[in-house]
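Mind having a look at this structure? Questions to follow.
Read from first to last, the chains carry the letters A, B, C and D; within each, the first residue is number 1.
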Amino acid sequence: MTRPRLISLLGSYGVVLALLLLVLFGWARYDYFLGFFNITSVLRYNSMFALVALGMCFVIMTGGIDLSVGSTAALGSVVAALASPQGAWIGLGAGVGAGLCVGLINAILVTRLKIMPFVATLAMMLAASGTALLLADNQSVSVSYESGFTSIGQDNFLGFPIPAWIAIMAYVVGWIVVNFTSTGRGVLAVGGNEDATRLMGLPADRIKFLVYLASGGLAGLAGVILASQFGAGQPIEGVGWELFAIAAVVVGGTLLTGGVGSVGATLAGVLLLGILFNVLNFENGKGWISLSAYWQSVIRGLFLLVVVILQAKLSSRGSVAVRDY
Amino acid sequence: MTDTARQQLISRPFDPFDFMARYGTLIALALLILFNFAFTRNFATMQTLNVNLTQVCTIVIVAIGMTLVIATGGIDLSVGSLMAISGALAPMIFLGKIVPIDNVALAVAAAMIIAVGVAGLFGLFNGWLIARFRIQPIVATLVLFIAGRGIAQVLTNGNLQTFRVPQFQWIGLGRLFGIPVQVVLMVLLVIAAAWMLKRTVFGRQIIAIGGNERAAELSGIAVSRVKLVVYTISGLCAGIAGLVVIAINSSSDANLVGMGMELDAIAAVAVGGTLLSGGKATIIGTLLGAMTIQLVRYTLLANGVPDAAALVVKAGIIVLAVWIQQQGRRA
Amino acid sequence: MRSELAFEMNTNSLLSMTGIDKRFAGIPALAGASFAVGRGEVHALIGQNGAGKSTLIKVLTGYYKRDAGEVVFDGKPFEVSSPQQAQASGISTIYQEINLVPYRSITENICLGREARRYGLLDWKRMHQEAEALLQRFNVRADVRRPLMEFNTATQQMVAIARAIGFSAKLVIMDEPTSSLDEREVAVLFNVIRQLKQEGVSVVFVSHKLDELYEVCDRVTIMRDGRTVKTAAMNEIDKIGLVSAMLGRAIERAEGHATAFSDRDEKKIGKVLLSAENLAINQIVQDVSFNVRSGEIAGFAGLLGAGRTETARLVFGIDRPRAGTMIFNGQTFDPHKPSDAIAAGMGFCTEDRKSEGIVPDMSVAENMMLALMPKLSKSGVIDDKAQRDIVERFIRQLGIKCSGPDQKVRELSGGNQQKVLLGRWLAMNPRLLILDEPTRGIDVGAKGEIQALIKTLADQGLAVLMISSELEEVIEGADRVFVLREGISVAEFDRDEATEDAVMSAMAHGSAPTIAEAAP
Amino acid sequence: DAPPLKKKDTYKVGFAQTESNNPWRLAQTASMQEEAKKRGWQLVYTDAASSAAKQVADVNSMIAQGVDLIFLAPREEKPLIPAIKAAKNAGIPVILLDRNVDASLAKPGEDYVTFIGSNFIEEGQRVADWLVKNANGKTTIIELEGTTGSSPANDRKKGFDDVIAKNPDFKIVASQTGDFARDKGRQVAETLLQAHPDANVVYAHNDEMAMGAISAIEAAGKVPGKDILVLSIDGGKEAVQAVVDGKIAAVVECNPRFGPKAFDTAIAYAAGEKIPDKIINPDQFYDASNAKELLSTAY
């Protein structure tokens, strides 16, 4: 392998490297870090972010952005909780449906009314949150414990948390869509040069439409897991999820300007940032930084800084990585 | 008469879409004011004007910097955190927590200059990440969005600082010719920025970079330097806004000062008609945009719309305002 | 009456457009234009910059919605609202500005929209093969898995053409496909056009290089000010006829010269202003030496990818050389960034006007003043009056067709955008001007004006480094011609030595005699 | 039954805080940390940054680290249940601080040891009761709510509004969120005072918003305490000082200093003592009659 090729590979997989290093660090420094309990609970919790980040990744690949994912998840959780007494599947469908509704409005605002994605989804972030609060009457909504709805978030399948299975499946589908379907290639093309894509005769608007819809649906699904994992629909949850997702996507090497992106690296980005929180909690147990909780944000910021600079240095030397199959 | 001059004389027919795009924000604002005259109790008073103007000040000041940043094709998520840093630092200095300064005037001056200066430096840091490492602005500024508030909290150990220092609080509570000082400050900054953007080389360079960065670079524009300056200005604006907020409240809470400001400021810029993709900017638009958002907030509160419903209404109005703007551009 | 006419056209033509109107913000770009293309015909569409050629095409493909008029395609009324539908109906288009997706691979750029599938999923292997095979028709060999942006303009243009051909279309539209191709590639393209014709496919061909038209086109339609003014069989109209129809007035033109670089006064050439020795950066530029004197036009000739553009970038400080030295105006010259070169008195008009030239949302005036602005300001404040004067002067001098200095540059036709960029650098009054394909996409009338202008400026002492893929432009325009081949400067010709044959053979086979000698 | 706690000289305990964005929370955290230090216990501290979901993840990471006991200040009543259950399954006892969890889903003495804290509904009631008695004709009320959807906001509203509803003389003319924050509280108060010039009572769900409201009242040219009665909850030093100065009429204490009682309870539990299901803090009530003398004891 030639040097530039290696560097460009590192550029796109730098995040994987960082992830490995962080895990290694945690394993060496803390007892029980790689214990079964910790691994499964980290995965169970972060599966919500993984789903939201997957949707975000698609949106960003088209050159857009979706700020509404957090409140959409909150809305999804409320709707799912309200519907959960009717049965697990109905709760699931209702939550995803609520997300799809928000996604649909985003899609219409962006592709039909031509409103900038940042503004359109910012507005929907407010609207979804307001709707969630209205539906929930400003309070958390209990889910039904009888209907089996809580299994979705709390149970295991083959010893592995169900939410993690759901996230993995979503990523496999996402990966196939990006790499092996024309819609997926269209997503990248639209982000790379929307005007050209249109002139090339691709249905740019339909692609963007689908992407916002998918992002909404995935956020709704994350909401279902939120409701089911914690036993309540939570109208005020989801604050800042959009930034977490954006950070994960970008740390994964996806360009915010669109046109280049990787589903797999996004997952690595989610795990990287998610595990960082976990590491910070373990570090607190050591008593070094627990004196002031505020150091946590400083450390998180610094960590992001290091990863992002590393990314930038690696990818500026190799050229943009395009996958060849 | 030259050929081009003649062509200019051929008047274009009245185009309602163009008109909407040009005056969309103004129309929205006028409609809101009319609505309030009709439905909101006690609206037509000086005090209402006063309340709205003083409340909109900080958003406008931050949004000025944000407009410039957005004009270059960037974005600055760190403004709220920078407000917190400046808001945390200033009282530490004038209350003599760092080094005791006997002369109050001196202490206040030092506090203001250092606090705003530090915010500017952090802005410069944002610019450095973006210009030097070509990190995408949203992520580069996300770093300080997260860490910046942490820094402010670490500085104060998260504690609330309360104070009564009239010399300092003048910028939040004082009046100049009967007008609140912060309003005067806001107006001055708006005029300066609008003039700069329209009439100076630097302003033109900002727009060029947002419009086509490579072309700008090849035309000899020092793209990196312009970006550094623009993010620094954004930091300075945030720093000033931070001081205004704590001055009004007689207290500084690193945990909350500037919370959510980035989205308010960006919304003001967008509603004001500046394209978020860069290459275009209007400071007056931003002022009108911020006022629209402020007035929406006032209207909903004054008429007792429940908070949850207010969120939905606010969303609708933002979309509507931006949609009106967009109409002209598409034709 | 009208419908009768339409019916008549239906029977013998593939496409007929009648009475087409299109206005932008009230200003007409097309006013009652009509256009008809027969089956299996290669039809030229020509006209001055801004005549409405590209607009007509975009109206046809549904990119713009027409304000009035009728279109009949393949015997049926044709109503499409998007290029996608046009493509599905059998119209395949290569737009004027290369419209591809730079981050994506060549394969994707060629296959997007008609991907090969296996078990419902994309079959990459087959797609790569297809892309390679298509490019092979154009003698282009490239790693089709690499992102398009890694390739030069000419290759990108070929990819765009390959893409359009790859769709089995009834009509292929090419809006100035040859402006970034050299003669060898043009010849290949023409072969392909002839093949298409044999297969019964019609081709619409837009070009400002009138000589080319005679090689492949059957008929020609000439546009002026948004109208179609003439349609004729290619063999019934001569060049003068074409030009006078385009310009709308009779012209008499000095024969013998293809360009407006009439004899230059060599006495006005001064001392060496810029000399570069053994510049190298990577495979694209390996060893380039040349010099330019004040008042001299030095030309760079070479095949596509010979390293001319890349050399110019080194001179202008956009990229930094790995080896080699430059002396400018008697001093060592080592620019780190374009502003260094500009400060030293250079200007660079790039070949890629869309991504490196215009700031689309800025006005004509702002675009033109972009580089000069700092000089025309008092302590950072722009001197509007002074700028306006200059801008208006250049709009007049270059004949830029725009509604005024405040019109957005994005609204100008391609050729007029190019003129604005030329204005940007001419306004700087530089000592050395690097022109990379200065007349690309510029109509014959304006081309002559621009060439004459370059000459006048050189006469006044300006040093010009001109890169052009139009051989005659280099040969007639340059006082000296440097030939680059595969990143190496292989030959230098004085004006009288620079015959077409000599230059061409150096471009194709030249080796580096100086290098060979210098090597130990 | 709730998992037992072994008797040891020193413990490794977790404290899962909800958020750190207001002085009240800071005081609570400080109190817990001080107490741990004093007793030489190791404290694993986490901050859920206002997210119930993150708080569950935080508790899980404490379980993973094998702490002996968890102090949990649950952000909300329902979503923290899985955390309590997970701790129970792992054999780690949990003591709830300041906010309770849904009694129908988890039981004291069974799923967790006990709840130590105040009763938010009661706090709202106490404020309202005081107002009904001492209104002196001031009956037009503006209510500044806490963060929308948070349990102290919901409960303090419920407690107060229910009492007011039973007294038809009184009227709440506006009730909007001030997000528990001073700046937001001030801005909202400015607007509401403008829209309701007849209002003469401001009830704020916490001290911070009350302080903001005082600025707003003064900016509107009115005198807090005279023209408008300000009522608040929390009872921090600044607020009690305001009572002394006559700017706040009355404030219910909601003491954040949980440290000593929380740790004592843990020791008692390890010793096998019977712990009551609820340990309600004896919260002060400050008004003009007692504020001056109690000022020094305010937190």
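Definition applied: contacts are C-beta pairs under 8 Å (C-beta built on N, C-alpha and C of every residue); 3 or more make two chains touch, one makes a residue touch a chain.
Predicted model only: the values in this text are computed from it and were never measured.
Novice: Looking at the contacts, which chains touch chain B and chain C alike?
Specialist: A
Novice: So which chain is the furthest away from chain D, centre to centre on CA atoms?
Specialist: So the farthest one, by centre of C-alpha atoms, is C.
Novice: Suppose each chain is reduced to the average of its Cα coordinates; what separation in Å results between chain B and chain D?
Specialist: 34
Novice: Rounded to the nearest whole Å, what is the centre-to-centre distance of chain A and chain C, using the mean of the C-alpha atoms as each centre?
Specialist: Result: the chain centres lie 44 Å from each other.
Novice: Can you work out the whole-Å distance between the CA centroids of chain A and chain D?
Specialist: 33
Novice: At what distance in angstrom does the C-alpha mean of chain D lie from that of chain C?
Specialist: 71
Novice: Residue numbers in chain B touching 2 or more other chains?
Specialist: Correct list: 153, 158, 307-308.
Novice: Two or more other chains touching the same residue: where does that happen in chain D?
Specialist: 20, 148, in rising order.
Novice: Using the touch rule from the top of the page, what residues of chain C touch 2 or more other chains?
Specialist: Residues of chain C touching two or more partner chains: there are none.
Novice: Which chains touch, pair by pair?
Specialist: Applying the touch criterion to every chain pair yields A-B, A-C, A-D, B-C, B-D.
Novice: Would you tell me which residues of chain C are touching chain B in their complex?
Specialist: For this pair, the touching residues of chain C are 25-27, 316, 318, 337-339, 342-343, 348, 350, 355-362, 366, 370-371, 373-374, 377, 380-382, 392, 395-396, 402-405, 424.
Novice: Can you list the residues on chain B that touch chain D in the complex?
Specialist: Per the touch definition, chain B meets chain D at residues 40-42, 45, 47-48, 51, 55, 153, 158-160, 162, 245, 248-251, 253, 255-257, 259, 297-298, 301-304, 307-308.
Novice: Help me check something: in the complex, which residues belonging to chain A touch chain B?
Specialist: Per the touch definition, chain A meets chain B at residues 109, 113-116, 118-120, 122-127, 129-131, 133-134, 138, 243, 246-247, 250-251, 255-257, 292-302, 304-305, 308-309, 311-313, 316.
Novice: Touching residues of chain D toward chain A in the complex: what are they?
Specialist: Residues 12, 17, 20, 29, 33, 42-47, 49-54, 56-58, 60-67, 76-82, 86, 90, 102, 105, 147-151, 153-154.
Novice: Touching residues of chain D toward chain B in the complex: what are they?
Specialist: 20-23, 26, 145, 148, 173-177, 181-183, 186-188, 190-192, 194-197, 208, 211-212, 215, 219-221, 238
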